[in-house]
């Protein structure tokens, strides 16, 4: 049996661990051969392959990124894209495909499965917002990096009696903000699921200062103000080039707090350091077990499935479970954390 | 309501996070008062208390150890111990007790609950071998520290063509060895649940060298040779003081490998650095949620229970579930990892 | 003898280590008493003190920030400021002052010394741009944090064939950029001392891609384009609020590269995480030794001096040496690194 | 010009950074070709080479160990060894040699230089005990790892009212113990240069407990008791195999303290994790600059020299300066730290 492997979407610590586990168990237990497709769906679309065997997977376990490269190419948005993929898989003698990726990548996999391609999916999102699995790999690494940053910022906040706003990843879901905010002892956590009232935020900031402590806010990049809420345009600073200097939601909230409370506020945007570099032990373990289960699914021809963590077990669930709906922070989970805020 | 809190047994990253969550939610949501008992069961036994409120819990979230101190005192092994505990709880006006600890501490809690003490348990073991919960806090920190050590040792092994044996915690269960071995890309993992054959180990070592790579072994402190296995007394080195120089199982296995294969082998015993210091984000999150659930159990008078992680939920399960039986690595879980060994 | 201690300016890992060393040796060796002044020069200006003895210094060695607080208050810019400081020192019975801070704080110290105040300075700048000392504490921590971030970004750059721009601290001097760029294996380093030509930068970016690798740029926050250089206003993106979204020099350079080369480019601005949190071992060692030397300078009445690292020795040099002129990256030092760029 | 490169002795974080800098500058600036010799002096002795160019050096900067391998082979202890090296250098067309290593490796280099081999040395010792240079690379990494371990152990010591003994590297010199002890806030530091009196150590331990704190000792592996001092054979514990369980000096001191003070004491032996894995930013910077200077020395035919850090400059000093005499901790340097002990 010949198995193709590809990784799609934004990079995520643990991708290489999945690839290594898929290949190693595929070769040693099942006697499979492998074809590495480069740069996500672009690989099978354009027929760009690389050699993929146990040798290529040596030493990659602790490395971030993906040795296969990645892209956001979507064959369904390209004329004749699906047909070209099917042709290339046939040409390469590929019997089954392991697709490692997030909502988009697995969405393509789901549609290809419907068209008869033998595909198995491994869920990947740093944001942890895929349904059907307790956790996705990469998330634990991101949360640890954000938590370490918050740990570091506490002393700066205290020493300067200053508000610090930490912007973390999470466009639609607040998991990274909620977990790192809880773990880092943040005083306010703002997430996309719960639009915020800037006036409430400012009174929390002020009450925190009254108790002699400096507040730290953790904010998802996708956090939004309540409709009708008064988050007006702040006075626009100019930088050395005479340009407006204004960033994303973190910068905006910091500016609003300064304007409204008179307290110095600074934003730190963690950005890509949350998704690069070596994975935590948890992410390596989870990614490895996803990979082992994925190649077992191929061997048992349980196609159209996606690997999922349920408790401490890896289960093979229908692909549609992962791509159907985003997993969001529930009001109860957000409420649970409130006792630490303010 | 007045609630006593104590921590027993070996220390474990996350203990302070539990205490903080218990106190913070107890005070802010339920209006409880707290009594801190020092040094495990010794505290209520000898009536040694400390003030415990929101103020005492400031800044302790990222800190290892326990602000309450710990001990291995067992009141059931002391004449009149149980009666003295009941008297002291009464004297201190304590209505309910939150006991944070492992098998022994929760074992005492279970017996006290049977005697009518209103007690709620929070499971704690760095070894992750308590039944009834998917994970215990502290384990993730230990696994990460062991994994980082293994990462570091890979380059030493390669550069010197040398066998490295890493001894990690785990007296009865191999969870730390298995997870860190998988995450660190170890070549052999030996755990208490699966007695090893030293000759098999040596042939794996030799076959690894044949493929030009240097082997890394991860060994639980409780790993044992197969009965009848030939792990004879090795020639005893003398140190600078003329004394025999021989350590635990890690050192012994290294020595055996040297004697049997002629390859240089060194052991590294990670010891207490696995259980001290700041917890990972996962452990802070889990410990915090255990603490929140524990004080809720007190508030709803759901006594005789222990907090447990099931998937992503915290549940309140009977104390006996955690203390009845050790959770061991199953043969299937051990077998799953074999594809990476050798 | 009663000694006042204050910390001024931006916070910097190692401040607490200096305070601890000053106090501990002052009490144990010289029998001094201490007065802690809060928030930099604001403390002696407004007579805001805190108790400062061995007890207050327990456990602060690994902690970032400063237990004394900090500010940018300059008594020379306040009517009667100097007189009020002299009065408060007299009122508090303070015989000598240890001032820990950067250019501004030590500049005030220098002027006060001229007016007869018995003061000893400890140099502090995360930017490492104070003359007279080989290194300042805090710098090594900042460089390590920046280097770890660059390490993490390499895999992201490779996996996405993307340019990554890392903006680090350094308003006037490029030390952090140069050291972390060298240590992190960056492909281009831009520093304030060497105005850059954006077209040259873009051709380096393109030639890097030609050799199949994705470039990482490290940029000091104070880096500037060559005069007459063509760094025109880039098309201004709007964010979700309809506001211009444009940050500092890092964001601008990323945008220019995208516009000019057609390659995706992203900026990461490390900001305050470079200056908060626990110091590296080097910074704790240097800060501790600065503190020991400072209190020895007080004991020997060698006032008007500043502590300086020369090789592995701590020397007491005239305050003016540290505050006279900034220490900048020389053309030779920048040229030395060029062999790794491009 | 063809240049041979080799690395000898124990591994040390930063070796790969030296190799990369030597090769990169050699190729790009000087147009040299390179021959990699494998496993220290064994390489030129037995004619074992590997390809070495810019390509082989990609990605190695952050990696521990050495891509060239290492050994302790000494050609002067082998009949005809020197002649065979000279023959192999001639056969490989090697005009000059860069030898990276410690006392032994550079000792061989010194003798070969005397015999007319054109050699340049780069000093390497994790112990920092080579004369002629302020610091050697690898030392900063070792000190940081030891300091992090001490940080972690503080909370364990406190929570259990227990003595913790940390054994660090340093056979002849106490630099790692002294620096990490200072940086980690240890209470007692024992180094080879200052034989200890176990009774004094025990009274320091007891006085520490009297002030409610638990002591942490940092001990060099080469620390020795004072002659005539009473460090008698402790009662020998048996392990599960019926064997004596006794380790190095750390274990012995812990046992003595338990026996003499009745306090629980545990030893942690850091071992090889101090010398493996990714180097700190300082070590990468220093190693890189040593490499650049070494190839410049080759280019200017300044043979028989060794690179040395003096302040912030790299200087080329006679090889004999590095190999003549060990650099030890002076009594003054040890005394300086005493104020933190006890």
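Each chain gets a letter, A, B, C and D, in the order it is written, and its residues are counted from 1.
Note that in this section contacts are C-beta pairs under 8 Å (C-beta built on N, C-alpha and C of every residue); 3 or more make two chains touch, one makes a residue touch a chain.
Bear in mind the structure is a predicted one, so any value in this text is a computation, not a measurement.
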- Item | Set of chains adjacent to subunit A and to subunit C | none
- subunit B and subunit C: spacing of chain centres that average the CA atoms, whole Å: 40
- Separation of subunit C from subunit D, taking each centre as the mean of its C-alpha atoms, in whole Å: 30
- Touching two or more other chains in subunit B are residues 151, 278
- May I ask you to sort the chain touch graph into line, ring, star, complete or other? ring
- Task: Would you please name all pairs of chains that touch?
- Result: A-B, A-C, B-D, C-D
- subunit B residues within the subunit D interface of the complex: 10-11, 15, 63-66, 69-71, 145, 148-149, 151-156, 158-161, 164, 224, 231, 233, 236, 239-241, 243-249, 251-252, 266-269, 271-273, 275-278
- Task: Spell out the residues on subunit D that touch subunit C in their complex, using ranges where they run on.
- Result: 21, 24-25, 28-29, 58, 61-62, 134-135, 140, 143-144, 146-147, 151, 179-180, 182-185, 213, 278, 280-282, 284-285, 288-289, 292, 310-312, 336, 339-340
